[in-house]
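Inspection log for the structure reproduced underneath, given as structure tokens.
Read from first to last, the chains carry the letters A, B, C, D, E and F; within each, the first residue is number 1.
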Amino acid sequence: MKIITFGEVMLRLSPPGVERFAQTDTLTMHFGGTEANVAVSLTQLGLQAAHVTRFPDHALGRAAAGYLRRYNVDTQHIRFGDGRLGLYFLETGAGSRASQIIYDRVNSAFSRIQPDDINWETVLQGASWFHWTGITPALSQGAADCLLAGIQAANQLGVPVSGDIVYRSNLWQYGRPPQEIMPALTEGCTLVLGSKALFSELYGVVGSTFQESGRALMERFPKVKYVTDTKRNSISASHNQLSAKLFDGTTVHKSRVYDIQPIVDRIGTGDAYIAGLIYGLLTFDNLQQAVDFGAAASALKHTIPGDVNLATVAEVQTLASGDSSGKLKR
Amino acid sequence: MKIITFGEVMLRLSPPGVERFAQTDTLTMHFGGTEANVAVSLTQLGLQAAHVTRFPDHALGRAAAGYLRRYNVDTQHIRFGDGRLGLYFLETGAGSRASQIIYDRVNSAFSRIQPDDINWETVLQGASWFHWTGITPALSQGAADCLLAGIQAANQLGVPVSGDIVYRSNLWQYGRPPQEIMPALTEGCTLVLGSKALFSELYGVVGSTFQESGRALMERFPKVKYVTDTKRNSISASHNQLSAKLFDGTTVHKSRVYDIQPIVDRIGTGDAYIAGLIYGLLTFDNLQQAVDFGAAASALKHTIPGDVNLATVAEVQTLASGDSSGKLKR
Amino acid sequence: MKIITFGEVMLRLSPPGVERFAQTDTLTMHFGGTEANVAVSLTQLGLQAAHVTRFPDHALGRAAAGYLRRYNVDTQHIRFGDGRLGLYFLETGAGSRASQIIYDRVNSAFSRIQPDDINWETVLQGASWFHWTGITPALSQGAADCLLAGIQAANQLGVPVSGDIVYRSNLWQYGRPPQEIMPALTEGCTLVLGSKALFSELYGVVGSTFQESGRALMERFPKVKYVTDTKRNSISASHNQLSAKLFDGTTVHKSRVYDIQPIVDRIGTGDAYIAGLIYGLLTFDNLQQAVDFGAAASALKHTIPGDVNLATVAEVQTLASGDSSGKLKR
Amino acid sequence: MKIITFGEVMLRLSPPGVERFAQTDTLTMHFGGTEANVAVSLTQLGLQAAHVTRFPDHALGRAAAGYLRRYNVDTQHIRFGDGRLGLYFLETGAGSRASQIIYDRVNSAFSRIQPDDINWETVLQGASWFHWTGITPALSQGAADCLLAGIQAANQLGVPVSGDIVYRSNLWQYGRPPQEIMPALTEGCTLVLGSKALFSELYGVVGSTFQESGRALMERFPKVKYVTDTKRNSISASHNQLSAKLFDGTTVHKSRVYDIQPIVDRIGTGDAYIAGLIYGLLTFDNLQQAVDFGAAASALKHTIPGDVNLATVAEVQTLASGDSSGKLKR
Amino acid sequence: MKIITFGEVMLRLSPPGVERFAQTDTLTMHFGGTEANVAVSLTQLGLQAAHVTRFPDHALGRAAAGYLRRYNVDTQHIRFGDGRLGLYFLETGAGSRASQIIYDRVNSAFSRIQPDDINWETVLQGASWFHWTGITPALSQGAADCLLAGIQAANQLGVPVSGDIVYRSNLWQYGRPPQEIMPALTEGCTLVLGSKALFSELYGVVGSTFQESGRALMERFPKVKYVTDTKRNSISASHNQLSAKLFDGTTVHKSRVYDIQPIVDRIGTGDAYIAGLIYGLLTFDNLQQAVDFGAAASALKHTIPGDVNLATVAEVQTLASGDSSGKLKR
Amino acid sequence: MKIITFGEVMLRLSPPGVERFAQTDTLTMHFGGTEANVAVSLTQLGLQAAHVTRFPDHALGRAAAGYLRRYNVDTQHIRFGDGRLGLYFLETGAGSRASQIIYDRVNSAFSRIQPDDINWETVLQGASWFHWTGITPALSQGAADCLLAGIQAANQLGVPVSGDIVYRSNLWQYGRPPQEIMPALTEGCTLVLGSKALFSELYGVVGSTFQESGRALMERFPKVKYVTDTKRNSISASHNQLSAKLFDGTTVHKSRVYDIQPIVDRIGTGDAYIAGLIYGLLTFDNLQQAVDFGAAASALKHTIPGDVNLATVAEVQTLASGDSSGKLKR
């Protein structure tokens, strides 16, 4: 089974440990982007995945592709061209001090992508799933158009589509509001990750509970079969509680609540959830098992440095089955 | 607003992470000293600060001054001359293992300072505050004399003075007991940081509660308007609880209790408190707000590597207002 | 007092911090082996210790010996010859992610040891204690034979013997089951570290409680005067609870339960217990004090990077006496 | 004596040692920009210097200012505002492998500077020298305009002006050719660093030798009293030969040729030359001595990591006087 | 064009910089093996390459495959199974101190490979070249057999074959002498890398010059069209001189002599030569150009840390064309 | 054969690579002292050595002893007591930039040593050689007295004595000139390392050549049988030429001249020479061979980080025999 993901990949630069920007003289490199993070999570779980993006045609762009390949992601559909490599600077917090990010992604090579750059029929041939997020259409008209073409191709080829409809208002600088762009993209989805509040803000879809709101979304977008979301209780930057739920039109399947302490790296934990859920939907015939697997994958990601989840199926299943003892494996 | 601080700055050398001295082959450099730590905290909060000290006239002494400047402290009044750079070696503990310090500060360039080295009228001109601690008069007669001259100049110029009357008995090697030296220094203070026990030991001032003891101190030293102290409950080297109180002659203003876990760096957390309190007294017209700000600043310092508090006003206010969730800031 | 230990020492290679094998480009070196870990713990507690082993005759073998000497272990009885240096790769976990070890120790120089390589009469002359574990006889017939010769020599010289009868089924590849080998080794022991389950599996000795099982063991092996074990409650890879008990044929002496958070390094914590216990038995005339000292030593080891316990007597006693506050020592 | 410099400062990110971009997971941080490099060189030589620039108003922009302060540069005239921090990625070569730079500086906060942002009369009050380079007017119309205002203010205040007229054709993207912009800037210069070829390309000023070309430049721009240039023979990325010459309208003063091996860091060596020359012109009454000092300063910079020259006057003079033995100083 | 390589890949562990094994506490990881090094060199030159090997089925084996993928090598034909990961420990020398290697590769997963593990017809389908070395048949009968099957399949499919007939006498432990094994392997070669001395030792083929010896080899093995070798003059561990020659049955084409100083990493420089030569043979229609390209590639590899050559075509061509100036590329 | 050395050991702290003090945030630890460096060199050459010194009784003092033990030096005669650990800060230069040292050794635990602290009869029992240097008597009267007692004991026990009569005028602060102290120490020497100039300055012994001066020294101090010295031509901090000579009263034996490039670490290269020479005198029956061995050992030390020479006999012999090719050893 092969999953296709599409979106920007940035170079992440962080001070070692919990140093502040003001005091560091070294930066640790990772590469990440919400959709590529999903691709890496899935390869680590033993599935195949290809990521589609556009990088600058220089040594750092090639290093970014190398990073994805290292973790077994197929990079054959990546395009190289003009523009810069998107960056983000991450300062990792601890306890009552929050982590903080300085984004530096404007004018990236990815934001210059155009629909013609990608032959979606080729890319999606034989794929088992296609995943996108609300970051991509926020970056440029070209990215939004290219994504729409991809979703439509997936629909035509019968490839299930998931959309994490995350909304960041400080992106969306190219002149179109999300309310104009997002509905057509959501239209083609099988699975939507989002909250009641987002459904209302982006689509005007309302409901008093997650279940009602989800049902209303399914009415508005009939291809949607699953609605999912995570819930995080942030006790401190080092201690969170996390759970997930999945609504299938009939029942809300809830995972147990994971108590996560300490937090090594908070970035990409939502992506780890959706990757775990996709794995579960493709592998198990049981929705409860799928949401449990996704939530456990997300919990494990908090213990792994970098944006991507390097947990294995065995590790996720151990935790999903209730064993959080972390006993040494020899 | 500009704050003047006076005291020794040492090179701090620590093994990486929580390694022990016995096993390390590398040492991480920071510079720190209780009074300079206050100066750096204040510049990070957006005020101006100048630190007055004396360094050896070699590359390491100049590097020490560079460290202060990096964090925006005015170093124009620093003197360079003979003597060595004071050092301390810090091994950071974890859990039930305590951190430990090996001091190596005898015969430092600072301990050779003489009153004539500093023209206090120039230094204090236009200053909003002057801060000293009980470490300085413990180091040498020259340091004690120079400090007294500074306090007296501040009094003449109407600059408020704070004294952290910390008492370390293993210093005080030059032949005078603190009981002979400290009263004249405390005489000139507006604000005193100390405990009942210290008030009794150093000045023979007694009282059965913090309030009574504080009131007795104010009677003995009529310039003193505020008495303050912190309270720490040490559950482990990685987990502390901290609160502060401020007595204004009438009321004891108490901060809430901060639960601090994990502790990244315990050093300088008291200095972060006094800096936050000075910021509060200079900025707010509300004593409760000032002590809350100071305690939150101190709590945040526990998450920052090095001696100095690099927290911003916004971060301190978030925590002081009760939000310790540490949520990622994008 | 001089303690003799015997067993393999491996080069341990671990990614920095909590990185995974998949993502690291650097490995941190330590050397360790359960018996040598005991020797180092004891030298740090101020006793003398010599470790007996066999290393490859190349720069890495000599570096391993240098590591032991750095921590004051006498290496004069170490032999150098053919074979490779045993290795293990350790990935350190956090929270719900377990640490994991990849062993690479087959065909080590130690596994090729033969009884003639060691003159036990010389080695044990004047020794106060001899310690071995169940790892050694699992490695090769030569190692098992050499160990038996050592135990018998200790018995003849009146040197007390402790055996940690740890059983790892994936070792024991040379064709003899542990049930054939272990009884003769256990025969010579004064102190045995093991669980009811092990006593049953290895010797067919059963009992419904630790006390009964221990008494049965003493009947089977009359030289055994003490039976001991630790109990670990693994809440997560970062949070454990630990206690120990010691049975002297009459009474079970139990330590208090240590709450250990965070865990810096879990490896060698059992070895730290047995070293602390041996120290206690040799130094105190009080079994309760000895077991308390051992358990506190083990708790402290969790805060120290590497396989070996670098805690001092003063640190262990502080914790054993109930002070886990981790207060900064200046 | 205080020197004022004006220009962009970038965050430089480089793999450790001579690693390639393709293989590194860590980047070392420095900050640099040709004009700020001159300012730092001069403070290390004991003069005062202030750098004028514009940084983004976030933690990295403030870190950049901290970097300059650490090396004693006055940052009070720096402005903070919108835009990003300019970056460049440097891969350091060795032997026959060239170093290479990936610039990522478009849309920097500096490029958005406007003449109104800087009050040049205040900045230049009491200054002894003003230095600019051809990078600044290449970045944006605002930067060119602001620079012109600065040069004119310097001329009015009688502050000598030096211009390094470096020309990088891949900059100059805002629609004006350098031939339109550079003459007015050069008009106000006392000292020009450039080659015959550049004089011809930028101003149409020709001459068959450095001397003739320099004389023609002085005729075209009568304020110019000195023309200078360096000559580099690049044997490999690790081995260069360097010399400098200074023409005063009458005589060409030539330094000796420095054989430089190994090269630690090639970046900023030209800036080190101009800083050394400015130091010489301000301090010595001998042009030969000045050009010798500049060339020796540049040679020393090749041994120092980062963009800025941290050599002292004593070190430069030792080398300028012909002692390149590098003998240990105790 | 796609090149297939076959052979063992080891984890290389080296102290940082030029530290000795005796003093280091950290090891830097690379992965390398003579044949895989060729594959990586070729992908960096823009060709496609797949490496065939067998790794242990654990996290380190997967990390090894990730390393190859990072550098764009196709890993789909790699097998995972029992056995350990081959290792080598490299201490890098300098000046008159030689680098030294401690091999630890016995019983590797690769040495357990069997002919049935690889379907050579599939692997070699559409390939442009197949490369092997004399290390592989030295490791085990299975490896030798599997290699022979590969060469024969290449011959059947008309894929050119190159063999680097390197002979290490301390390998070849499985009971067959190289003289029994090597001829059949060499039989299928188009290109042979080796010296006169080796031709004599392995095949009894003699000649008084490289040309005569090469001609004799071609008579013995009629498929061989090219014989090549490099010549190294080792002035010190930091300074070598290198050239190459290629004999085509008629003419000996000689590269110029490269003076290489400093040497960053000597390992893999021979592999870089053969990769450059293969690139040249596949791309140019000029043998002189091919041998020049190979020698320049090898020279450049000496400046790159790790086993693999990360030089680009443009870099190699610059050097091959005689420009060794190493001038900064912006 | 066991060699005894006596003198101070300091903690050496250096920035990584060739960074300057002004820019570093990390320091690398080594321990060293001229006499202890000799001891370590000798153990690495396979002889036994014990170092006698006095350390502070805290974790860093114990770490210093651990450092010596790691390299196989017997530390049983080391005393622990009051006083601080001597330090020196080393900045490593390159090319035309000199390395520089900031000493911080006043008031060290060693300088407080007294003759009663060491029982020289015990220490020297069975020793083959005793080595001291002119640093020790410069530090304090106690150190000078203790050294004299050691030399006299050696003389009584018939143990040969070598003295490196290095003279640093900035030491010698305790009120006695070296001319008063040194003669009695030199009196007991078998071998003296020093120059004509030193012989004249310290003892008033003159001669127009090394040979004549040496002969005059032997007349003044009849126990002296050998006089030796090294000659260094410092081309740059990265390139030196070195040779040695040994006069036996009859003949001057000269080593060849070693061309040393690059220099990794210049510190301790003189100590490596004397260690190599002592090894040669104790092992060979040929003075030429001994001085060759010493000079080659010194040349090799320049390639090894830290104060101590970690070269092996085989490595020294390879170089002494004229092979400086640095060819990779597999």
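Operating definition for what follows: contacts are C-beta pairs under 8 Å (C-beta built on N, C-alpha and C of every residue); 3 or more make two chains touch, one makes a residue touch a chain.
Source: prediction; values computed, not measured.
Peer 1: Along the shortest chain of touching chains, how many steps lie between subunit C and subunit F?
Peer 2: 1
Peer 1: Where are there more C-beta contacts: B-D or B-F?
Peer 2: Between B-F and B-D, contacts are more numerous in B-F.
Peer 1: Taking all residue numbers at the subunit C to subunit E contact, is the shared part over half or under half, that is, same or different?
Peer 2: Counting shared over all numbers used gives more than one half: same.
Peer 1: So the centre of each chain is just the mean of its C-alpha atoms; given that, what is the distance between subunit D and subunit E in Å?
Peer 2: The mean C-alpha positions of subunit D and subunit E differ by 45 Å.
Peer 1: How many angstrom lie between the centres of subunit A and subunit E, each centre taken as the mean Cα position?
Peer 2: Chain centres of subunit A and subunit E, defined by C-alpha means, are spaced 41 Å apart.
Peer 1: Taking each chain's centre as its mean C-alpha position, how far apart are subunit C and subunit D in Å?
Peer 2: Using C-alpha averages as centres, the distance is 62 Å.
Peer 1: Note the residues in subunit B that touch 2 or more other chains, in rising order.
Peer 2: 17, 20, 22, 25, 66, 71, 100, 262
Peer 1: Give every residue of subunit E touching subunit F within the complex, in rising order.
Peer 2: So the residues of subunit E touching subunit F come out as 17-20, 22-23, 93-101, 103, 168, 170, 234-239, 262, 266-267.
Peer 1: Please output the residues of subunit B touching subunit D within their complex, sorted ascending.
Peer 2: 66-67, 69-72
Peer 1: Residue numbers of subunit F touching subunit B in their complex, please.
Peer 2: Contacts found on subunit F: 13, 20-22, 24-29, 58-60, 62-63, 66, 84-85, 87, 89, 91, 100, 102, 104, 106-107.
Peer 1: Enumerate the contact residues on subunit C facing subunit B in the complex.
Peer 2: 17, 44, 71, 258, 260-264, 299-300, 302-306, 310-311, 315, 318-319, 324-330
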